[in-house]
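In what follows, subunit A forms one complex with subunit B and a second complex with subunit C.
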Partner chain A sequence: MISVATGHRLLVALPFVLVALIWGWLAFERRLAALPPRAGFFRRNGWPVGIYLILAVALWLLGMVVLPQLFMVELSFRPKLPFNQLGGPRDVYTLENYRYFLFGSPTSTESWNTVHLRAFATTILSAIFIAGFNLLLCYPIAFYMAQGATGARLRLLLLLLIAPYWVNEILRAFAFRVIFASSGLLNTVLLGAGLIAAPIDFIGRDIALFSGLIYAYTLLMVFPLYNALDNVEAAQIEAARDLGAPWWHIHLFVVVPAAKAGIASGCTLVFMLATGALAAPLVLGGPSAMRFTPIVYDRFYQVFNWPQGAAYAFVLLVACLVVVVAGLRLLRLNLTDTAR
Partner chain B sequence: MMARLTRLVVDAYMLVFFAYLFLPLVIMAIPAFNTSPYPRVWPFDGVTLDWFVRLAADDAMLYGLRNSLWIGILVVAVSVPVGLAGAVVLQQIDSRVRPLFHLVTIAPVLVPGVIIGISTVIFWRDLTLSAGTKTLYNGVFLTVLGQSSFISAYCMLLFTARLQRFDRAQEEAAFDLGASHTQVFLGILLPFMRPAILSAAVLAFLSSFENYNTTTFAILADRTLTTVLAGQVRQGTTPAVSALAVVIIVATVLFSVLLEWMGRRRAKRAQAQG
Partner chain C sequence: MTAEVALEAMTVRFGPFTAVDDVSLTVAPGEFFSFLGPSGCGKTTLLRTISGFVEPTSGTLRIGGRDMRGIGPNRRPTALIFQSLALFPLMTVVENVAYGLRVRGHSRAARRARAEALLNVVALGDQGGKRIDQLSGGQKQRVAIARALAVEPEVLLLDEPLSALDLKLRQHMRNELRAIQRRVGITFIYITHDQGEALTMSDRIGVMRGGRLEQVGTGRALYDSPETAFVASFVGEANAMPGVVRDAADGYAVVETAFGSLQGRNPAGMKRGSQAVLFVRPERLLPLSTTPPCCPQNRVRARVADLAYEGQVTHVMCAAEGGRLLAVLGPRDGEPPAPGSDVSLAFTARDAVVLPPATQA
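Right after this comes the complex of A and B.
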């Protein structure tokens, strides 16, 4: 069994080794193909600029993206220990945190950890639902902006769409609390109008949470969708119309296939953000509605079990990636297509 | 007849859609002016501005605000140069590894914010632990790094879009006239990128200022405006939160109008020159 200190050294070395391997492979292939060597990076940029480019990108990708993720994954395979025993003889690699996620106990595998597993499934399924709902909600607006509106009207629409985005997530959740609380606006209005006899528990029934989440990510669907639909040739739509296609045919068989990549990137973005949402579940979640992200949060700040929290975070990340890649497979797209 | 009907449906949908976008914000703002001691739109007990006074005297909020502004400025200082370097490297990198490079740079945008916060904290905890010094294990520092990891990617996307329209002949001409690489970078590329740099800086600052998911982990025991706000909203709220919402909304509207006005003026000047 390797020790934690060795593990850390291996982790830090890993990205460097990978970069070196890729670089060597590229040079080798170039020689095989008998291509002339490329103009060197520093020859092309000069030393001062070249050093700035390399340093900035390396610090970013290694120090802020790759190494932190690797260290998080590594911690998830370690036991919870008091501070002074970190790196000590009891700090060995183990699967107990993952066992806890599945079975509710670090050692026994008798019964399933139904509370956490159910919260996990609910989170993933409701994020898929939210992405789908937002797609339907935003499609007409994005289509109109891309194919109907022009000039000043388009600029105004874009401005109106961006503005609410700068009100932060917590205030947006707070707005839905003002509306949906038991003595909130909606209940007051419904009671006053005599439509209901007693206040409806919108928060307990998750209506507040779903509305808040759908609202929070609407804009992140509109923009990728607008970009994608903007690239669809108006002539194509015109042609389909001239050939007598009904309107829903035009959308389903002409516009949507052409805008596939943008639709996928909007859905990916909303799905990922909705799974990782923290503010809305904290503010709008009812007692019955356990979401996975608040559970992860509690591992850190209620239970103070960081390794377990890291394991939970990693499980969440892997699940997100599996759903996104599977969805893209269905559409015959790659993960890189969504980033365009 | 058909065309008019379509128009009507489109207009009605737009109206409903924008009502849906803005009504929650309007409703949230109303309790700021209501004397009722908890955030309530109706019944409206009486008009007051007390909640704004209360807000201005809230030390926790002011402390958080100061931290948030600091972090925002530092994030701009990190992610604008990093994003620019990323965009230049993306353009120059061997085409066979470009998709991989692109994926790694875009990853922090897709990874849930809580996970970025968690991984930043864990990495720096382990790093400072093995280095035996705790000076860098600091909430503000970690928050700046955590936020910059994905905000740099936003900036890079803006820069990449602008770089695609860059005419390399300009660089060639400068080299022929004997300019050094550094001179070309500072004298030709940077001025060309100026509009993108400005919008990237604005985007970076605003994204940092409103961030919660990454910040709540990376800030450790320290506080920013959003984490103070989250605490207040969670433990039963006061209308002072509404008052803060009003301030933020007004600032946002003023800022958008200012940007729009600047954009128009620039467009007009470009037209006059062209």
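Right after this comes the complex of A and C.
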């Protein structure tokens, strides 16, 4: 078993080893593909700019993204200890935080931690649902923007889409609460119109939460879609129509395949953010609906068990990546396609 | 199956702009018909109206006798070949060709068989498995044709499909298109701004200008007997000599121009005193250093300004009193006169045509 001190040293070395490996691999691929050697990085950019670029990217990626994440991962494998015992004999690597996530106890494996596991599954599944629903909702909007709208109308539509984001996220969530509460706007209107006899519990049935989350991420879905659909040549759509295709056939077999990368990009963004949403579940979540992100939050700030919180966060991250990669495989895309 | 296309008083307006203005025309079944005109003359709008992407503001369109009003492009017996070709980049060649059959619910095997047969028609039999971006320009062209033919259209519409190709390939594809049209026997309606394409391929040509149909006829008729000044100057090269009609009789008119008093045919029946332009084709102008043996009434004195050797012919640029004139000498016309020498440009009255000046379109 490696000691915590060795672990720390490995941790700091790991990003650099990774960078070196990736760099070497890329160079190897270039040689395999027999690409001509490119002009040197510094020759193309000049020394001052070259050094700045490398330092800025390294500082940003390693210092602010990779290292903190790695420290969280490392932390997740350590027990929760009082401050004065850190680095002491009890500070060893352990799986107890992950054990707690699965079985609800740091030691026993008798019964499943149903509350947390269920919240975890709910969070992942509902994020998939939200991404899918958002896609259905945003595709027509993005298609109209890309292929139908002209000049002034496009600008108006963009403004209408962006304007809600001038309002703070928490405020937007509370606004949805005002609309969906049992004595809220929607129920009052429906009751007043005589459409329902008793108020509908939108919040208890999670309708408020789903609406809020779907609404929150429309823009993140619309823009990648718009970008992708804008690149579909209008003549191709006309050609398909001219060859006799009904509209659904054109979308399914001509437009969507061409916009696949944008669809994957939008879905990835929305899915990732929906799993990590914190404010909306807190404000709009029903009493019975437990989401995983607030649980992670509680590990850190209510239970003050940072190692456990780190383990929970890491589990969520891995699960998200698995879902995203599986989704991309399903669409026969790779990760770099989504960044196009 | 092939069909007649009949346009009756077809007008298409976009807001205040009239793109197609009162066009009436009947294209016979199996005919290769070209619309020829400069860009912005409304020919593409006309083609999009026939294919169903644009609804006419007024007038009727009949294909095979059937009124096409309210029938969408996906339900018309036409197929359109786009200027950009609009092939589906994510499908293979076979999948592209078979797309229209897939829409119609044909089985995979039937689709494949028909697509391969069509690829053989366009001489791409062995390229079926390739991706679109692996093909050359001419091959893409042929895929687009095969894809359009796969749905068995009664009328094939072509929107300047050769404009993206280089000169050699374009000339080759002209013959190819003509051959394919003869083989499949359906009506072709072809749009182009290239008079060479229109003249070589078409049975008949409609010259368009400012949304209107100026003249319809065979290539020879348009070239030899233009009915308007625009057709005379747009189809082929022509020397234009504006002036006033001094005398008109027996189908001929004498025009007083800056080049002198010249005589030509008068198909428009122009009256004495009206503004007119006399047109002479460059190959009908004979630059001679001696006194010409013919046509004493049509002689213009000029000095040779420049020679341009074009291989088959030599262009002789001449400076006359009234302006510049172009003569074209073929290999059988003898040695061209030397630059700087004085010549006499002569032509017969039969080779000149007097027409009213072009109105502003």
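Note that the second predicted complex is superposed on the first by the 305 of 340 C-alpha atoms of A that agree within 3 Å, B and C clash if a C-alpha of one lies under 4 Å from a C-alpha of the other, contacts with A are read in each partner's own complex, and residues count from 1 in each chain.
As a working rule, a residue touches a chain if its C-beta (ideal position, glycine included) is under 8 Å from a C-beta of that chain, and two chains touch if they have at least 3 such contacts.
Small disclaimer: the values here were computed from a predicted structure and weren't measured.
In the model built by aligning both structures on subunit A, subunit B fits alongside subunit C without clashing. Once the two complexes are laid over each other on the shared chain, residue contacts for A:F71 go to subunit B alone; subunit C is not touched. In the superposed pair of complexes, A:L160 makes contact with subunit B only, with no contact to subunit C.
Taking the C-alpha centre of subunit A as the vertex, the lines to the centres of subunit B and subunit C open to an angle of 80 degrees, rounded to the nearest 10.
In the superposition on chain A, no contact is made by A:V270 with either subunit B or subunit C. By the document's definition of touching, of the two partners only subunit B reaches A:V189; subunit C does not. More residues of subunit A lie in touch with B than with the remaining chain of the pair subunit B and subunit C.
Superposition on the common chain places the nearest Cα atoms of subunit B and subunit C 6 Å from each other. Within the complex, the subunit A residues that touch subunit C are 233, 235-236, 238-246, 249, 253-254, 257-258. Those residues of subunit A that touch subunit B in the shared complex are 5, 8, 22, 26, 29, 38, 41, 44-50, 52-53, 56-57, 59-61, 63-69, 71-72, 75, 86-87, 137, 140-141, 144, 148, 155, 159-164, 166-179, 183-185, 188-189, 215, 218, 268-269, 272-273, 275-279, 282-283, 293, 296-297, 300, 306, 309-310, 313, 316-317, 320, 324, 334-336, 339.
Of all the residues in subunit C, the ones that touch subunit A in their complex are 51-53, 72-75, 78-80, 82-84, 86-90, 99-100, 102-104, 147-148, 150-151. Contact residues on subunit B toward subunit A in their complex (touch as defined above): 10, 13-14, 17-18, 20-22, 24-25, 27-28, 31, 39-43, 81-82, 84-86, 88-89, 92, 94, 96-97, 99-100, 102-116, 118-120, 122-124, 126, 129-130, 145-146, 148-149, 152, 180-182, 185, 206, 209-213, 216-217, 226, 229-230, 233-234, 237, 241-242, 244-245, 248-249, 252-253, 255-256, 260.
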